[in-house]
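There are structures below to look over.
Two complexes are shown next, each including subunit A; its partner changes from subunit B in the first to subunit C in the second.
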Partner chain A sequence: MSIDKPVVKPGKPWASTPKERAIDLGAILLAAFGSFALVALSELKGKLAYAGVFLLLIIVINFIHNYLSRGIASAKDSIASSFAVAGVLITLLPITSILFAVFERGKAGLKPNLFTTDMKLNGPNDPIDQGGLLHALTGSGIMVGIALIISLPIGILTAIYLTEIKGLFTRPIRFLVQAMSGVPSIVAGLFILSAIVFPITKTPSGLMGGLALAILMIPTIARTSEEVLLLIPEDLREAGIALGGTQWRTISQIVVPAAKSGLITAIILGVARVAGETAPLVLVSGGGDALNLDPTSGPMGSFPFYIWKAFTFGTNESIDRAWAGILVLLILVFILFFATRLVGADRNKK
Partner chain B sequence: MSTTAPGAKSANLSSPTPAKREITTKPRLSDKVFRGVATAGGLSSLLLLGLIFVFLAFQGFQVLRSEGIGFITGSNWEVVQDNVGNTDLSASTFGIAAMLIGTVICATIAVIIAVPISVLCALYLTFYAPSFIKRLMVALIDLMAAFPSILFGMWGYFVLMPHAEYWAKLIHKYFEWIPIFKMDVDIFERSPFVAGVVLSTMIIPIITSISREIFSQTPLDRIQAAYALGATRWAMIKAVVIPYGRSGVVGGAMLGLGRAMGETVAVYTVLNLVYQINWQVLIGAGGNVASMILLKFGEAGPTETKALMAAGLALFILTLIVNSIANVIVTKTGGKGR
Partner chain C sequence: MSNSEAQDPLDKGNEKMETTTPSSLSSVAANAAAKRKPGSGALGVGLEARGIHAWFGDKMVLKDISLDFWSGTVTALIGPSGCGKSTFIRTLNRMHEFIPGAAMAGDVLLNGKDIYESGTDVTKIRLKVGMVFQKPNPFPSMTIADNVLAGLKLAQLKVQNKDDLLEECLVRAGLWAEVKDRLSAYGGSLSGGQQQRLCIARSLAVRPEILLMDEPCSALDPGSTLKIEETISELSSTMTIIIVTHNMQQAARVSDYTGFFLSDGGPGELIEVGPTSEIFSRPKDVRTENYVTGRFG
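After this line comes the complex of A and B, so read on.
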């Protein structure tokens, strides 16, 4: 014998009904219409006026609607939501504007010669189909590589000290690493100048650029690695110790391998942090125009310097060149950024 | 050993007793080396910060001694050369007061613009946004934080500056009665206000992500308690989130301030450097230590370079102080109750 049980379908009482959505849409349309009308009728003009009046009207309309249907508390809530959405839209504005401007103005210069030639025979004022940024690509690669070689061990050792050793200096070092991440990039350049270039080498070179970048990279790598190592469960460490491993073996063979993908993220973030640093490289790398693969001697070009030089030169041709350079740099930053996302997604899956 | 258990006896018969293992809490040699190396690596940040201070102070010492307190209170930057072309240190004056004050003004404008936007954005992302918008926005904001400063510099110069100048004119038109918005000369181009607007776009991602982190640590039970008592979302935010996250947001704003003060290239492109203290933020005359160093460095002789090192030292100390205070505030906020 079977009784027909009433089947209760799960409902979503909080979801907005078609009627509510229609009212929302109506409010937006009304506000848009109102803003056009007000701007047309009054003295106000310009995009800013449209945006301002629109925001004001949306807030007023929502306020009245909510006040009439649900009372004063809900009306206040609607003001807050409107402002929060406005905050997000204002934040989105520069991002989209930057991406749009760079792709719009840089794409004309994206020609194959950009990646095959350097600027040895060309000035920044030459047409964009002559000369290229091969020297900047290699130079930036070498300098960031040097910075990575120096800052990776220091950064990871710092993170290990902060999370595993937990010695006497843990708190002061955590504090200092955070303070170090705020060191202005130009100060890093001045430091390398005063400590190495003036007293010892006398001439700028790619190595000096790499050292300056390393100072900026260490705190990024150290802080990210620390966060990653903190996420490794304590059980793994205890298991390693319980099996009779020394602390060295536990960390080097259990903790660090477990955190591998996170540490790769730390590296990528560090590279992204310094790849576009301009000020220290202007001071210490010399900024050559010819392909130079030797970091120890002679000026070495780099991406930021290439853009900087073309930008400060100031003619139409050179500014096109700078935008093209920026576009390539931005694409590199994109690639690095999505690499971190991929590595991160991989980690979350496991 | 005469009263041992039978089992032990038989074991003794079958094989010789293995040497008793020494049980100790003393670290092995490998651990000693490892701990030493890691400690050394950890201390390197201390060492580097110390070295930065020492070398900049060493290089700038000559200028700092000859200028004394005038280096940070005077506003003249004049290089006097004697007739053989060497720089005459006693006749030259180096003062960075206008630059220091200008740095603080630009950074403060940036923070004043960025904080409300960032906090609203963080509130939206934490408490309002559907999850797919949240994920997209967080990725975009992180991406924006990774944009190189020269990108902001060029975008600021070509795209944002014309708009910012228009905004400056509007502010001047309607708020002239506020002293800092008065204009003695009508030059709106490349003013501290414009630089502040460009800097604000750079620090919005930083302040947003710190505020978001702080807001998301708000104890869930309190949020649910507020909702259970019938609070709307805004009432909940006002009663629970803001009291909890207030000091963290202040810390985040100070981190943004520190970042804005140390920014070089983006300010260099959009600010007109003038060696005079200027409080009227809409006039195209401002100061910035980092930009000045970059501007002067190319043509500077040995003595002037030393003065630039001293200026770098001043900037280093200023940003270090601001960042330290910010970090103390942010760290204290994490996990703290109301």
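After this line comes the complex of A and C, so read on.
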């Protein structure tokens, strides 16, 4: 007769026991009950009051429970992590709320004609199945594209100058780039208006819109790229130089490829910064309602302008139209986001 | 301190003062020396350092180092941390100037020509004097194969058959057997020791005459260290190797000549240089003896 060897099973001895989970659940219930009681008895009113009181109570209950069972250090720890979780919830709340609101209110206007027609023959007050935002789609695409073509090389080369070449002008340029990233967007529009539109072209156009957006995009791309390039370890640069590379070849073949996914993030941030810009476009792109694929002449529509115009019109039909425009813009930004992430990520995953 | 014995490696006139220390290191060094036939100067002096001084800002970190490196030999530079060994080898391929605030004086002659002469193409110098760093630093955006051949792209060299060169370099670096089936994997997927051998292979691909190794094994386990030492022994038949190391057994095992650096708080100086077996068995300077026998440092 032999003693059976106990079969060893993989376990998680650090996981919470049923008892601990019951206590956690009890804390939540207690906090929920407490928040109802407090809201009922006091002056506080509304959904936000329930949520706020609930959050506060759960922090207090956790603190007391941890203090009694594990001591003061653990209790302080629980306070810190409770606040971190509360911070996440408070951040997520408006974001999800915006997403839901945009989806709820925008989906009514999501008709096929939205993507095939412009507003040449229709006003914002026409039924939603007439007219569309084709002109805004192409206009935004063309203007952001122009801005990207200008800003991408300038922004990344500026970052390379600041981190790799480090000449006499590093400090003033870094200062200027930081100052420029805080410039209000209307200033960029006014600059193009007074520097190019009034003295030279006399008329607004898509190209002018693209130039104004580029002014906003360059500092965003330059700053983010600089941060990314600073993270590349110095020994990679040394290795490239020690292998007989010139500085430029070391930068272009080693430093930039090593920073690739970060630089793609910089580009996304740059595009995201300008995709929703309204003020400069109202000033310099002319805000057309008709499809215009030529950035050099004639007014050019854009998403922000389309949305702004429909909202200010103020009728039910036009507000539906505006929400649909916001929904399409959001979807496009998300698609862009995931596409670039995919492009940036695939190399390191193999 | 006289360095004359470095200029003539056949000079055996070192029988004076110190009694022989019967340390295990000296026997290791003697065994290693017996096994390997050093180039013995027949190939000539490949690299000569003449009166090298170096500064970082106002602080002098190296004072008057003169040292010859004979072709086809391995020279180990030993000494406590902060005595300027790494700074010294970085002056030999002009990597010293890459550090902000760096300054230097003296001449480095590569095949009789000063590499600091104005008008010298510094990238060509670094092609002839390759370098392996303390921390393995394969290029993260490149595959194993691309890493080995990176120098060709960086220096825009043309090569007839890249596959042959790739295999040759990996074989010489002792890595071929381990990676031949995954040449398209990324360099970062290798272990630390493999990464360092990949870096050695990468340095070999541009066919340097001289290879500087700055504590190449300090981050590696004993097994990987042994493999790299084997690699060094194999390479030493065709090229000049200068290795900085804190591991005295390693210096005794792999080198033909050893130079001892020391700093007494001021700039680092070359205390003594000579055939490795003599440095470990009959050092002329009492400070060298104290260091190699482990009495300080």
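We take it that the second predicted complex is superposed on the first by the 278 of 350 C-alpha atoms of A that agree within 3 Å, B and C clash if a C-alpha of one lies under 4 Å from a C-alpha of the other, contacts with A are read in each partner's own complex, and residues count from 1 in each chain.
Definition applied: a residue touches a chain if its C-beta (ideal position, glycine included) is under 8 Å from a C-beta of that chain, and two chains touch if they have at least 3 such contacts.
Just so you know, these numbers come straight off a predicted model, no measurement behind them.
A.B. asks: Just subunit B (first), just subunit C (second), both, or neither: which does A:311 touch?
C.D. replies: Touch partner of A:311: subunit B, not subunit C.
A.B. asks: Touch check for A:36: first (subunit B), second (subunit C), both, or neither?
C.D. replies: neither
A.B. asks: Looking at A:235 after the superposition, I want to know if it touches subunit B, subunit C, both of them or none. Which is it: first, second, both, neither?
C.D. replies: After superposing on A, A:235 lies in contact with subunit C but is clear of subunit B.
A.B. asks: One more residue to check, A:246. First (subunit B), second (subunit C), both or neither?
C.D. replies: In the superposition, A:246 touches subunit B and subunit C alike.
A.B. asks: Which holds for A:175: it touches subunit B only (first), subunit C only (second), both, or neither?
C.D. replies: First partner only, subunit B.
A.B. asks: Can A:115 be said to touch subunit B (first), subunit C (second), both, or neither?
C.D. replies: So A:115 meets neither subunit B nor subunit C here.
A.B. asks: Of the two partners subunit B and subunit C, which one touches more residues belonging to subunit A?
C.D. replies: B
A.B. asks: Kindly classify A:258 by the partners it touches after superposition: subunit B alone (first), subunit C alone (second), both, or neither?
C.D. replies: So A:258 only meets subunit C here.
A.B. asks: Can you give me the overlap between the subunit B contact set and the subunit C contact set on subunit A?
C.D. replies: 246, 249
A.B. asks: Quick check: in the complex, which residue numbers of subunit C touch subunit A?
C.D. replies: Contacts found on subunit C: 93, 95, 98, 123-124, 126-127, 130-131, 133, 135, 137, 139-142, 150-151, 153-156, 185-186, 199, 202-203, 206.
A.B. asks: In the complex formed with subunit B, which residues of subunit A make contact?
C.D. replies: Per the touch definition, subunit A meets subunit B at residues 46, 48, 73-74, 76-77, 79-81, 83-88, 90-92, 94-95, 97-98, 101-102, 105, 153-154, 156-158, 160-162, 164-165, 167, 169, 172-173, 175-188, 190-191, 193-195, 198, 215, 218-219, 222, 246-249, 251-252, 269, 272-273, 275-279, 282-283, 304, 307-308, 311, 319, 322-323, 326, 329-330, 333-334, 336-337, 341.
A.B. asks: Contact residues on subunit B for subunit A in the complex?
C.D. replies: 27-28, 30-31, 33-35, 37-46, 48-49, 51-52, 55-56, 58-59, 116-121, 123-125, 128-129, 137, 139-144, 146-155, 158-160, 166-167, 170, 201, 204, 208, 232-235, 237, 255, 258-259, 261-265, 269, 290, 293-294, 297, 308-309, 312, 315-316, 319-320, 322-324, 327-328
A.B. asks: In the complex formed with subunit C, which residues of subunit A make contact?
C.D. replies: Contact set of subunit A toward subunit C: 233, 235-236, 238-246, 249-250, 253-254, 257-258, 260, 347-348, 350.
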